[in-house]
Each structure stands twice: as structure tokens, then as C-alpha cells.
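Notes follow the structure.
For clarity, chains are labelled A, B, C, D and E in written order, and residue numbers in each chain start from 1.
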Amino acid sequence: MGHETARKTRYLFGIRWLFPHRMILLVLLCLLVFSLVTKLDWYWIAEYKSAILSAVWKTILLLVSTFIVGFILAVPIGLVQVTGPRPLAMVAHSFCSIIRGTPLLLQIWIFYYGFGSVFPEIEGIRESFIWPFLTSAWPYAFFALTLSVMAYEGEVLRGALSGVPKGELEAAKAMGMKPFKILTRIWLPRAIQRTLPIIGGEVIIQLKATPLVATITIIDTYAIFSNIRLETYIVYEPLLLMTLIYLILAGAVTLIFTFLERQYKNR
Amino acid sequence: MDRNKPLKTKYILEVSDLKKTFNDIDVLKGINFTAQKGDVIALIGGSGSGKSTTLRCINMLETPTAGEIAIFGQHIDLIPDHANGLKVKSKEQLRSIRQRIGMVFQGFHLWSHLTIEQNIIEVPTQVLKIPRDLAIEEAHELLKRVNLFDKRHQYPSCLSGGQQQRAAIARALAINPDLMLFDEPTSALDPELVSEVLAVMKDLASEGRSMIIVTHEMKFAAEVANKVLFLNQGVVEEAGTPNDIFYAPRSEKLKQFIRSIK
Amino acid sequence: MDRNKPLKTKYILEVSDLKKTFNDIDVLKGINFTAQKGDVIALIGGSGSGKSTTLRCINMLETPTAGEIAIFGQHIDLIPDHANGLKVKSKEQLRSIRQRIGMVFQGFHLWSHLTIEQNIIEVPTQVLKIPRDLAIEEAHELLKRVNLFDKRHQYPSCLSGGQQQRAAIARALAINPDLMLFDEPTSALDPELVSEVLAVMKDLASEGRSMIIVTHEMKFAAEVANKVLFLNQGVVEEAGTPNDIFYAPRSEKLKQFIRSIK
Amino acid sequence: MLIDYQSMSLWELLAFNSPGWGGALLSGLALSLQIAVLGYFFGLIIGLFGAIGKLSQNLLLTDLLYCYTTAVRAIPELVLILLIYFALPNVINDVLYSFGFDGVEINGFFAGVLVIAFVQGAYATEVIRASIAAIPKGQIEAAHAFAIPKYKILYRIMIPSMIPHALPGLSNLWLIATKDTALLAVVGLTELTLAAKQAAGASKQQLTFLLAAGALYLLVSLLSEVLFKYLIKRTEKGQTHGS
Amino acid sequence: ETLRIGIATEPYPPFSVPDASGQYTGWEIDITKAICAEAKLDCEIVATAWDGIIPALLSRKIDVAAASLSITEERKRVIDFSDKYYQTGAAVIGPKNKPFGSTPSELDDKIIGVQGASIHAKFVKKHYKNATIKEYQTQDEANQDLYSGRIDATQADALTLESFLASADGMKCCELKGMAINDEALLGAGIGFGLRKGNIELKEKLNDAIQAIRDNGQYDTISKSYFSFNIYGE
């Protein structure tokens, strides 16, 4: 009997979105959105629409490219800290400490204004083909943000790699797998599976680090809304729209990682 | 697979004066024994006597503190290592040897991010470069042999203890090994399965594969092994045929051990 | 401890029509049995037949999908839960029942951040509020009984399989339980130790404690149990005294199982 | 009249007494640390309960926590602080005024701690949840089987065996907390970053003061790293195999 | 009843500059104090980061914003302004080795840096249609890039640029290319105090006081110690 009821309940509430409390939350959300839309002042959107879109695109581009490249480069950094050799582990470790220990803003400035102001002094560089590259801000932003991902994710991966049960690695070793194979087939997948939720969080942290590039003339999502606020002196409406955009981006990240977590749920 | 290449020596495994110390505790105090092709050796002994450690030293999962090991006629050279005492000289050689050794761990150690089938085909496809289709076909054969075919798409965490153990055995068999190291392969199995596994092992023995088996099942040891080693406090206290060991024990320790079993 | 409080029923454990489904696979299909005070019941059966699951359902580590369980005369009420089918109604009651049940897991599950001694005194000091000194004293008794006294300050990861299993047994005994649930308590033990553990269990039985033991050791079952249940594919295929089960099996399945053991 | 910084040497610029900026930087650092420590501490508490809530079976709770962690982590901190410090009291005060009461003020320091704790709590929830999920399930089951009460399972079994997994993530969070204090400039608190900005702007010695502030941050994080290392060492016993 | 005057914590020399002890000095501070005295107001200076000034004004944490706010039509939708109390023109500077002037046609193919969200940003976008525009968060950063050669010119407040040209870097690299054409709609009607809407009485008081110190010479006395020219503009 109980069995039957269980089945039935599961059937009834099969569509998870229809749980009562979720309906209430949704209704509340709709009311909130409605009142915000009608009560506040949104005239400026029309004027800035295209600027906002391109800024959002820049944010996404920066986030995705730096995180992917940085994460791939973080693997060796996490790995040498677990396996050695000693000197390399120390180098990797100091790298992580320095990058994690200083504000990203400072790093961006040092690369852009510090190193950037050294390049023009080099004889003949202004005529060379890399000059347009050096004068734009993107390479510096990309470089600084990638370094930061490398350092933070290197640290996360170090913890994750050392947490994989030793027995499973021994099993691989005992069958003559090469170290690289063990890494790519057993060690890394196992480590990443365990830390997916943490990595998801790190992507969101990185999302929120991207606005710093505004200080080197890249107008990203955050910067465009700052500009709007300064030009119009409207305080909350641009902030709300910006929040909505960041929420959507973070929501997308969370969804992707929830999906990945589900895929790897077994343990 | 060069199983049929003539060996330089008649021994498939030679262990001499093997010692292992963990944090100043001497766990192995000088183990000596040899195995010829087709030998099935049972390692018996009390809990903590060093059986698992011996097995793990054979394929260098633990680096010995001292001693010599030769497998398939190849001597595994150990060189001093400033941190841990000794280390393996040629990793390449060790790896090629390990590819011919199948090991079943006391704790199973299935890869928990892979399904049972994936666990089994992992080494054949990735290390031995067997085509995937073929590997899966063989995996299915093995899975049927250990009666796990219908669980092949499950992850290890959803399996019962005995099911995990059988999966681990199948994984070891999948690399078609010349030497097999079993650490209590039947501990989580019920008697019905024990005899099935026993049958599998007899098969393997008749194919000319050598085996070292750590086991608590005396009946099992008596039936499958042609040589029994009794370990006690890190040394081989007595060695001989199952008959000798079980029915004509000489040392006091072994007599006591045998008595406690019966 | 209200071990000597008269029970409302003569049964210390009543399991009726216990069912459990994992992801639409019916693992238990209606288990029925009872245990009286002092009963030692052996659960035998093939791998994957549901022995561990039955044991885990008894103290609600798995919530049954359907069925009734009463322990120490107290019926454990289950109420519908919109997510998982059923859930325990009174957690308080469940906890007070669990305090009187000692469990030894198939995978031991010692707490890895505590030493062996700490593992053993954890529940006595934290749950049963026994003074620390007293608990340590008792722990030392138990550790000597299972021959682990000199390993008491080690962490579980440094112990051999058999040592971990004995530690797990000691941990279960430390709460001085009325009902003990053993999931293959001897799987990682050598025969010498098996007989020691057997002796411990007989002691416990003579003290009037009841036990449910999942085991593969038929000899063990025959010697210690007064009742044997043969599980097959999620149902109790046959139940009876060890003599009945081992020497006069009726069902075809059991006959086959017995045959395979001998 | 304005101070002439151009003629001052590096040591005069960094001197502790005005017109040197050293003292201002240090008191900025002290303020940053105070807020970071408090925010981090409360954040950890929120995170612990958040993680437990998220792992519970209660659907309403898990849904609400899901919204909390996603939203708070996604919303830029500046927005949060503007809302808590400016908009929230505004709304409250409008209500109070309409009933004839006096308005309330939210103290800048308090708002800062609140925002940092709120944000850290969301991150910590995720870190701790992942770490709890990494504890072998059997060990928690064993605790249940022995009738250890839930709160004791939490602080005797789960927290100790989770901490080694969580510490790397939590140390990242601490570093973030120290740097997030930079936001408090908005509510008029002169923390380290603002002090450095002011010094740089007033003296036009950008690089000097940025590097000085950077060095202070680095010092803090190196010290915290030593601390976290020590903690990791202490808590890792028994988690790894023997040698 | 004290009047809370909000100023920005970020230094903006020579108008408002903090020192290490947290005191603010500068022309704007002096003028504000003079106006308070003239209007017999009891003023208290409250420093807030730029991001917080308008929210603080709207949420009654301050009553007047004295942070060099340019008066524009768009901003008047949100806050009120007093009459202007100073106004400076916009200038264009560029490297010494590149000869060009400040007319739109001459700047057409150049890379021009401006401070983002400033009136100059709007101006540049409107008048130098074919130029490449780079926006910076602060004018200092634009100056820095002009020095590094990343941009060809920058347009900003004449005053700000003048002090850059007077600095070591500025003298080395750059020169004044000319003043920007006057566009009242964009470049605004000068700098005024920001006030909450509807605060007519206070606005009147401030306007009267500004007029008064201009008339009685206080304005000029203060300005003389900071500037060599007429900061009030036309």
C-alpha cells in the first residue's frame, strides 16, 4: 500500500516546478518585477541599448576565454604542488601566493600602466606590427585575468587532486598506466568531479572580477552602467538592470554546473 | 603479449630478503620465495602479519626498504633515493612489467567515476590499445563469467560488497595477465560465488598463468594452490605444499594457526 | 539502559512485509521474520540478494519503501514524505532505539579523523554520557579482547583490513548493545581471528543480547546461530534452525546454494 | 593651501605622521582587517548552516538557499552595499515617518560587516557543501547508526572530517574578504584601498602608493597563508595514508 | 540644525584634496565654507566615495553635494542644482611631435582618450565622428596613455590638462592643441551644488550666497591663491 502511495505522490509532483512553495515564490517575483518596471524610471534604456549589449558581450567573452585558458594552465600548477619535484612545486606555490595575495586591480594596473609604459620606450616598436596589439587594452586584461584564474584554480585543483582516494590511483598504477594517462583518465576526472561545485563558485567569482578591466578602458557591463549612472544621476534603475544581467549570467553558470554535477553525481 | 617468450630463468617471480619498514616498525623482516610459471601460491597468516604488504611490494606499490625482486626474469633495479631509502630505477621497465600483472585489492579500489563496464575496459583500451569494440566484447564475456552482466552500467557505489569484488576481479582479468596478485579475492563473497571464483582461478591456472593469492579460506587455498606460504610477523615461517602445511605443520606457530582453523 | 524492562511483546525485533526499491529496482520484495530476546539469526544468501539492505533497513539507514518494523517492542512509525516515499515519524524514538543497537558495517566505516581509541569512546562519551576515564578503560578492555591494544593510537588508514574490521567490532560492542547487526563481521579476518570473534559473539549471546549476522561462513553460522534465514532475490526463501537449513533444505534454490558450499 | 608633495622624499611620503601617508595606510589596513574578520566569521556561520540546509531534504529550504547563494554571489557587492546602506534605510524611514516616528540610521561599519558576511556566507555555503559531500558516506551513516544526535554528528564527525577538504576554499574566501573591504569607501570608511587612492591622487605618486598598498595586502595574505597551512596540517591527520 | 555637505573622498586637486589625517583642503572646500558663512549656515563636511554621493543625497544622508557636479539637463531630472559657482572650458592636448589643431576635422582620424561618462565623452562622440574614442575611468589614466603613445589626443577640462602639462611627464611629451568649440548643451552650464529636488529654500539661500561672495570680493580672494585666471568663466 505504502509503496503505491509513494509512486502516486511522485507522479503527482513529477513536474518539480509545480511545488506549491515554488508557485508562491514565482508569484512574489512577478509582483516585484512588475512593480519595479512600472514605478521606476527606465527612459534611458533606449539611448544606451546597443552600448549595453556590446558591453555584456565583452563581459561574456572575457569570462569564458580567461577561465578556459586559465583553468587548463592551472592543471600543471596544481599538479606539481602535489607530486613535486620540490623546486617546481615551490615555484608554483609562490606564484599562487603572490597572485592570490595581491589585489587583482593592482595587477591589472601594473601590467597595463607599468609594463605598458615601458614598451613605447623600446626603439622601433611603434612601427612594428605588434604595436596596435600592445596599444589596445585587451591583451593586458586577458593576461591579468588568466593569471588570476591560474592561481586560484591551481590552488583548488591542488586540494582536489590530493583528495582522490589513493587506492584508486594505485589500482591504475598497478596495471601499468602511464602517469599522464593516470592523470587524464583517472586522477583529473575524479578530482574535478569532486570539486565541480567549488569550480562553479570560482567562475562566478571570476565573473565579478571582470569589472576591474574598466580601469584600463574596456567598457564592460559594470562600466557601462557606471557611466549611465554618472551621466544621468539615476541611482537605482541602472543598478537593478545591471544586477539582473549579472544574475542571468551567474544563473547560467550555475545551471551549467548543476547539469555537470548531475552528470557526475555517483560516488 | 610475450607470455610465451622463453624466460632467462625458470622463475616467473623471485623475492629475496624483502624488507619493509613503516615509521620504524619492521613489517616485513626478510621474505624469500620464488614462483615458477603456472604456480599458484597461497599466502596465509594472521591479521597484520604482512600479507598485503608483501603483495604490494611485489609490484612496487610499496617500495621495499631492502631486498631484491625479479619478475618475468627481469630484475627490478632499485637505486637509493635521498628521501625514501630506495626507488625504482627504470619506470619504463616497471610499467611494462605491471601491464602483465593483474591485481585485485583488498579494498577493491574500483574507479568511482566510471561505470563497471568502463572500469573494465579502461586499461585494455587506454594502455594496451585494444580497439574499443573488442574490449567491450571481452568485458561482456568477463562480466558474464563473474555474473555481473546486468550491472555493467552501474557505478561502483551502487553495488553490493560482493558485486564490487567481482567487478575488481573482472577488471584484473581484462588485461589478460601472466601473473595475478589477489588480496583476499573472496572475502566479500558468499560460498556459492567463492566456488565460482575458484573455478575461474583454476581456469586461469590451467592457462599457465601464475598467481599469488592472499586468502583466509583454507579450503580454497588447499584446492587451488600448489604451494602455501605461512607468514608470521613479517617472515615466511613455513612453506610447502598444501598437504604439508595443513596436515603436517612443523613450527609451533603454524600448528597453533591450523588448530584455530579447524 | 532499559535492557531488563519487560517488553510488551516477546519479540525484540519484528520485520513484516519489508520492501525496498532503488531506482525502480525492487531489491527487497517483502521480508518477514521475528527475533526473540537472545536469538542469534544468521542471514545467508547469494551476493546481491539483499542481505545488507535488510540490515540497513532494520535501523532505518535505508528508509523502507513499504513494510513494518518493530524493535524492542516499539513500532517504528513511518509517515509519507513527498520526496522519498516514506520517512520516520519520531526521530527521538529512532535515536533511543539506535542507542541500543550495535552495528558493524560491511565497509567498516571507521571515522577517519579519529584514532582507534577515539573511535571506540566516541559514542559512549558523547551519546551515552559515560565519563571519559571509564569509557577509555572499557575501550582498553575491548581492544585487548580483539587484540588491537597496541594499535589504539593509530588512525584507521594505517591499519590492515582485518585490524579495521576488529576495530569496528570493538566500536559496536562499546555501546553495550541489546541488539547487534553484523554485516559480514569476519570477511576480512583470518580463520584464527574468526574463531576469536566467534567466541566473543557466543559470549554476547550468552549475555542475552540478540544478534542478526550477515555471513558467508557457513560453519560460523551453524555454530553461533539458532536460526538461519536464507535470502534469495529479496525474499526469505527459507528459514529454520541451522540443522534444518544446512542438512534438510527444502527449496530448490537453497539446495543448490548448499550444494555449492560443500 | 595645498601640501606640496612633489618635494618630499619617499620616506617622507610614507612617514607615519601627516603629511606622510604611512599612518593613514596602516589605519586603513586595520579597518579593513576588522571588517574582514567580522564579516568572514559571520559568513562562515551562515555558510555552515547554509550548507546543512542545502543538503537537507526540505525542499522549501533548499530552494530558498539556492536563490540566496545564486543571487548574492551574482550581485556585485557595490549594489548590495548601496541597497543596504542607502536604499534600505530609505524604505524603512519612509514607513517610520509616515507613522510619525523618527528615522533610523545604519552605521557604515555595521553595513560593511553585514554585506561582507552576507556575501561570504553565500560563497562559504557552496564550499562547505562540496566538502561535506566529499566525506565518505559510510562514516556519516555509521554515526547515525550509533544514534549520535544530529548536532553532534555535525561538530564531532562532519566538521572535523570536512575541514581538510574545505580549508583551501575557505582560505580563498578569506583573501576575497580582505579585498572586498575596498567597497566600504562608498559608505565613507577610509579602508586601505581608499587610503592608497587618496594618497596616490593627492601626491600624484601613483606607483609608490599602489605598490605600498599591494605590499600590505601581500603581507596579510602571506601571514594568513602560514596560518591556514598550519590549520591544514593540524586537521589532516588520519585523512591520508601513513607515510 | 546643521547642513551636511557631501564631498568626494577621491582627490580632485586643486578643488578638493584630502591629507593623511583625513582633512580636506582645496579651492572648492574654501569656497563652500565661505558660502556657508555668508548664508549663515552651520555646515558639516561629510566625505563619501563618488559612487555614494548621489545615493547619499537622495537618502538624506547629506543635504548638499559639493563635488564639482556639472549642471546638465539630463541630471536635472533627478536632482536640483544651484547656480554655477565655477566653469572651465574644454581643451585638447596632444604630443609635441604631431602637428594638429583642435577642430573636429583635424581630429577626425586620431585616437582620442576621454574620461568615461564625462561631458567630454559625449562631446567627443558627437563632434569627432570619425575619430577612435577610448574611454578611461579617470583623466589621469588618459594622460598616462597619452604619454605612453597609446592615444593621439585627449580632451578634458582645461584646468585638469593644464596641471598635467605642467608636470614632468606632461612637459616632456605634450602641448596644448587648442580649446574645444563651445557647445552649451553638452559642455553644460558650469558647476553647481547638487540638491534634493524641492529644496527651494536652501537653493535660494545658496544662490544668494554665491552672488554675495562674488560681489563682495571673497570669491576672487580665495581664487587668486589657487588660479592665475578667472575660474568663474563667462
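Definition applied: a residue touches a chain if its C-beta (ideal position, glycine included) is under 8 Å from a C-beta of that chain, and two chains touch if they have at least 3 such contacts.
As the structure is a computational prediction, the values presented were derived from the model and not from experiment.
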item: Most distant chain from chain C, judged by the mean position of its C-alpha atoms; value: E
item: Chain pair with the most C-beta contacts; value: A-D
item: Distance between chain centroids, defined by C-alpha means - chain C, chain E (Å); value: 81
item: Distance between the centres, which are taken as Cα means, of chain D and chain C, whole angstrom; value: 47
item: Distance from chain E to chain A - Cα centre to Cα centre, in angstrom; value: 37
item: For chain C, residues that touch 2 or more chains besides their own; value: 82, 84, 107, 158
item: Set of chain D residues in contact with two or more other chains; value: 59, 82, 86-87, 206, 240-242
item: Sequence positions of chain E contacting 2 or more other chains; value: 51, 55, 58
item: Footprint of chain C on chain B - complex, ascending; value: 22, 44-48, 52, 106-107, 158, 160-163, 166, 184, 187-195, 216, 218, 256-257, 260-261
item: For the chain D and chain C complex, residues of the former touching the latter; value: 57, 59, 136, 138-139, 141-149, 152, 156-157, 160-161, 235, 237-242
item: In the complex, chain B residues that touch chain A; value: 59, 61, 95-103, 105, 107, 109-113, 122-123, 126-127, 155-158, 171-172, 175
item: Chain A-facing residues of chain D, complex; value: 59-60, 63, 67, 70-71, 73-77, 79, 82-83, 86-87, 123, 126-127, 129-130, 133-134, 137, 165, 167-169, 171-172, 175-176, 179, 182, 193, 206-207, 210, 213-214, 217-218, 220-222, 225, 240-241
item: Residues of chain A touching chain E in the complex; value: 41, 113, 116-117, 119-120, 126, 135, 214-217, 219, 223, 226-235
